[in-house]
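Read from first to last, the chains carry the letters A, B and C; within each, the first residue is number 1.
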C-alpha cells in the first residue's frame, strides 16, 4: 500500500461521526484549558486522561491530540485580549497581539493567529507524512553539546529583542539567567539561592513569573490609568488589510519552517520556536520599530511557528517514542495507556491506527479553524466589557491558575511579586522579553553544558569536534559580532555630536 | 456594601482558628482525601496514582483528589507531606530510593527524615534494568563490565537523575566487579535517556523495566540484565544480576503511599484496607501492567522492613557517591 | 524618565552585588555557604552565579553611562501613559509594605497562645489594608477625580493589596470565601457601582467558578473551613435547577 492509500484509509477511519465528535469536543475542551492561565496543556491533558479510558483507543487519542492543539490556541486568546500568557508558548504573542487589541484590532490578531496556526499545522503534518523517518534519525544527532550551542545561539539572538537600548536588553537577559539559577543546581544537586525555603528548591516557577510580569503588570497599568473610551473592535475588519497580506503570508511561511525544524529536535520546548520566529520577523522587517506596537507579523509568525512546532513534535514521538516537551510526554503516557506504543515499529505494527491519528491531525487543524474563526469576533467583544470586570475576572483567574499548577500559594505569591516588578519595569520601558528568554534558556544552558562535560569527562574540545555544535557556535559568534558592530557606530556618532 | 459588612468579614477571618477543630471522624473518611504525587502531572507515578484514586473513590464514596506538587526530584512534595496534619486526609506517594537519597544527602538539606512519615502501603516495584541500543556492540552485561574494566572511565553510563536508583545501581556494579569504572552521565528522566542512548551519546543506560518494556518489544533496545532476585514477567528472557553472578546488585524503584508521622493506627489500617482493595482490583492491575509496571503490594511490617532496609542501602551508596572522584 | 532608568539600574546593581555576596561568597548572617567555582569536570555551582553577577554589575554601570550621555533618548517618548513622578514613588512603599505582609509575618506570643497563628494575622492585616483602600475610593466625595494621581495610587494599592490578601487567605479561608472577598472589594475600588451587575458577578466568581473547576474539572482548590456555609447554598441550587 502506498503512503497515499494509507493516508486515505486513515481519513476514512478518522472521519467517522464518533471520531469527528471526539475531535470537536477535544478542540473545545482544549481551548477552554488554554484560556485558563496556569493550567497549561500538560496538566489539563493529564487531568482529562481518565475521561478517555471509557473511549476506544483511536477515539481517545484523537480527542487528546485535539485537546493539545486546542490548548495552544486557547493560550493565544488570552494573550491577545488580556496580555495574560495562557501557557509558555503564548508569551511572545502578548507583545504585539495585545498591542493590536488595544488598537481595536484584536479580532484581526486572533484571525491571523487562527489562519497561521492552520497553515503551519497542515504543512507540518504533510511534511511529517513525507519525511518523518529519515529526518528523525538526523534529529537524534542533537546531543547535549548541540543543545548547548543552540541555546547559546538563542541567547545571542536576544539582541534582536532589545528595544531602544541594547545594554538594557542584555542586562535583562542576564538578570533572567540569574533568576533561573535559583534552585537545585545540576552539578551536585545542592540547593542554590534557596535560603532554606523548600518551595524555591525547584526554582522560581516560570509560569507564575510570566503571568505576573505580563498579565498582572498589564492590569496594574490599566488600574493606574483606566481607559475611558471602550475600544470598539471593528468586526468587519477580521482580516488584515490588503497591503498587509503580503507580509503576513511571508511571516507565516517563515514561521512554518522555523517551527517545523525545531519541532523535529526532541527536547526543544515550545517557547523557542516562537521566540526565534519573532526575532526573525523583527530582523527581516523593513520597519522594525513597529514591533511592540502592533506589528501583525509579530503575531502571524510566532503563532504559525507554535502550531507547526506542535505538529512536528509528533514526529520524534511517533517515530522514536521520545517526547519533546512535558505536554507531549503526557500525550505519550495517554498513548501507552491506550495500548499504542510510539516507536519506529508503530508504523508497521498498527498502520491503520497511526494513519488514522495522522489524518486526525489534519482534521483537528480544520476543526480548530472552523470553530475559532467565527468565534474570534465573539472573543474580541470581551474587551468591550467595562474594564473593572475584566480586571477582576482576569486577576481571579490568574490566582486560580497560578495556584493550580502545584497547589501552592507560593506560586501565587511569586506571581504577585512579579506583577509589581513587571509594572515598574514597563513604566520604565525596560524590555521584558529578554528577561523571559533568560529564565527559559538559563537552566537548559547550564544543564547541557554539564551533561556534555560528563559525556566527555571534562574535555572541552567536545564542543569543537562535533560538526553541528561547531557550526552553531560559529553562528553565535557571528550574531554577537554583528550586534557589537551596531553598538559601536552610535558611540562614534555620539562622540562626533559632542 | 458598607463599613459594617467589611468589619464583619474581617472579624470572621480572624475567628478561623478559634472555630474549633473538626470533630473526630467516626467513620473515616467523611470528606475528600488528597493524594499527593511529588512529580508533575503525566509522569508514571502520576498515572498510577490517578488509576488508584479513580478506583478507590468509587469504593469509599468520597473523592480522592490527586494533587501534584512537583519539584526538586520530589523534595518539594515530600516536604509538604511531612508538614500536613496526620488525620488521614492528606497522604502522598513516596518513591524509594529517591526519597531516601534526598534524606541521606546532606547537601539537599531536607527538613524531613524517615521518621517524619508513616508508611501505609506499597503499590509498584519496578526493578532496575541495564540496557543498550539494539545495534550496540555490547551483547551481555559481561561485555559492559569487561569494557569498563579495560578502559576505566571511558564507558559512558547514563542515569535518569543524580542519586536516583539508577545511579546507585551503577555504583553497586562497580562495587561488585572490582576494577570497573564508568563515566557516569546524569540525564533528566527516561525520555532524555532514551534519546541519548538511541543517538549514540552514551554507551549503556541504567533505568527501570517499566520505562523500556515497549521499546524492547519493538526491537529498538536490548535489555542486558534486570537487577532483581527474580526475572521480570515483562522481560522473561532477560537474566537477572543474581543469575549472572552479581547477587549484591539489587536495585529497584518502588512507589508507595505514606502519611505524615503520628497517624492514628486505626486510620492507617482503614486506609490500608481501602487502598489494598483498590490495588488488587483487576482494572488497576490491568492498567498498570499495560504500562509495564509490576505491582508489589506491601503493607504493615513487610513494608516497614523494606522501607528501613532501603534507607540503610541509600545512606551507604550516597556517601560513596559523594566521595567518588567523578560522579 | 531618565531618573527612573537611573534608579532602576542602581537597583539592578544592588541586586547583583547581593547575589555575589550572599550566593557566591557566602554570608553568615543568613546561613549561606560559599558555592565552589570549580569542579572535577568543569564549572561548579558557583561559577555561573559569580560571573553573571559580575556581568550584571558591569552592564549596570554601562547603562548608567549610556543614560547619562544619551539623555535625548531617555526623555518622554515612552509609549505608555506617563503619570507624574509621584505615583511611581508612592507605589514603592506600598509594595514594600505588602511584601512584608505577604512574606513571613511574625506573630505574637500572646496571640499564639489563643491559637491565632501568623497566617491569620497576615490574612487579617492584608484584608484590612485592602478594605481600607477600597473604602477610601468608595467613600471619597464628589472631589473624586478618577484620573488624579491620588486615585491612581489608591487603585494600584487596592489591586496589589487585594492580591496579597487573596494569597494570604486562599488556604486559610478557602477559595470561595477568598474569591468572594476579592471580587467584592475590588470592583468598587476600580469604580464599579452597578449592584445589579456586581452581585451576580461576585456570586458566580466565587461559587460558579469553584463549581466548574473543582467539581467538574477536578482541579484541586482549597475548600477552607467554611464548607458548611456553602453546602446549603449548593443544595438549594441543585434543588431549584434540577
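Note that in this section contacts are C-beta pairs under 8 Å (C-beta built on N, C-alpha and C of every residue); 3 or more make two chains touch, one makes a residue touch a chain.
Bear in mind that the values here come from a model prediction, so they are computed numbers and not experimental data.
The chain occupying the central position, as judged from C-alpha centroids, is A. Here A-B and B-C were compared by C-beta pairs in contact; the pair with more is A-B. Averaged C-alpha coordinates put the centre of chain A at 26 Å from the centre of chain C.
Centroids of chain A and chain B (each the mean of its C-alpha atoms) stand 31 Å apart. In whole angstrom, the spacing between the mean C-alpha positions of chain B and chain C is 36.
Counting partner chains per residue, chain A has residues 47, 188, 190, 196, 407, 454, 457-458 touching two or more of them. Counting partner chains per residue, chain C has residues 40-41, 218, 220 touching two or more of them. The set of chain B residues that touch two or more partner chains comprises 67, 326. Across the interface of their complex, chain C is touched by residues 1, 3, 6, 9-10, 13-14, 16-19, 22, 31-32, 34, 63, 65-67, 325-326 of chain B. Here chain C touches chain A in the complex through residues 1, 4-5, 8-9, 12, 15-16, 19, 22-23, 30-32, 35, 39-45, 48-49, 52-53, 55-56, 59-60, 62-63, 66, 69-70, 73, 78-81, 83, 87-88, 91, 95, 99, 102-103, 146-147, 152, 155-156, 158-160, 162-164, 166-167, 170-171, 175, 178-179, 182-183, 186-187, 190-192, 197, 201, 205, 209, 213, 217-222, going by the rule given at the top. Per the touch definition, chain A reaches chain C in the complex via residues 39, 47, 164-165, 167-168, 170-171, 174-175, 177-178, 181, 185, 187-188, 190, 192-193, 195-196, 216, 219-221, 223-226, 292-293, 386-389, 391-393, 395-396, 399-400, 403-404, 407, 409, 412-413, 416-417, 419-420, 423-430, 446, 449-450, 453-454, 457-458, 460, 494. On the side of chain A, the complex with chain B involves touching residues 42-43, 45-47, 49-50, 53, 140-144, 183-184, 186, 188-191, 196, 198-199, 201-203, 266-267, 316, 320-323, 326-327, 329-330, 333, 336-337, 339, 341, 343-346, 349, 406-408, 447, 451, 454-455, 457-458.
Taken in their complex, chain B has these residues touching chain A: 40-44, 46-47, 50-51, 54, 67-73, 75-76, 79-80, 105, 107-109, 111, 153, 156, 162-163, 183-188, 191-192, 194-196, 198-202, 214-215, 217-220, 287, 290-291, 326-327.
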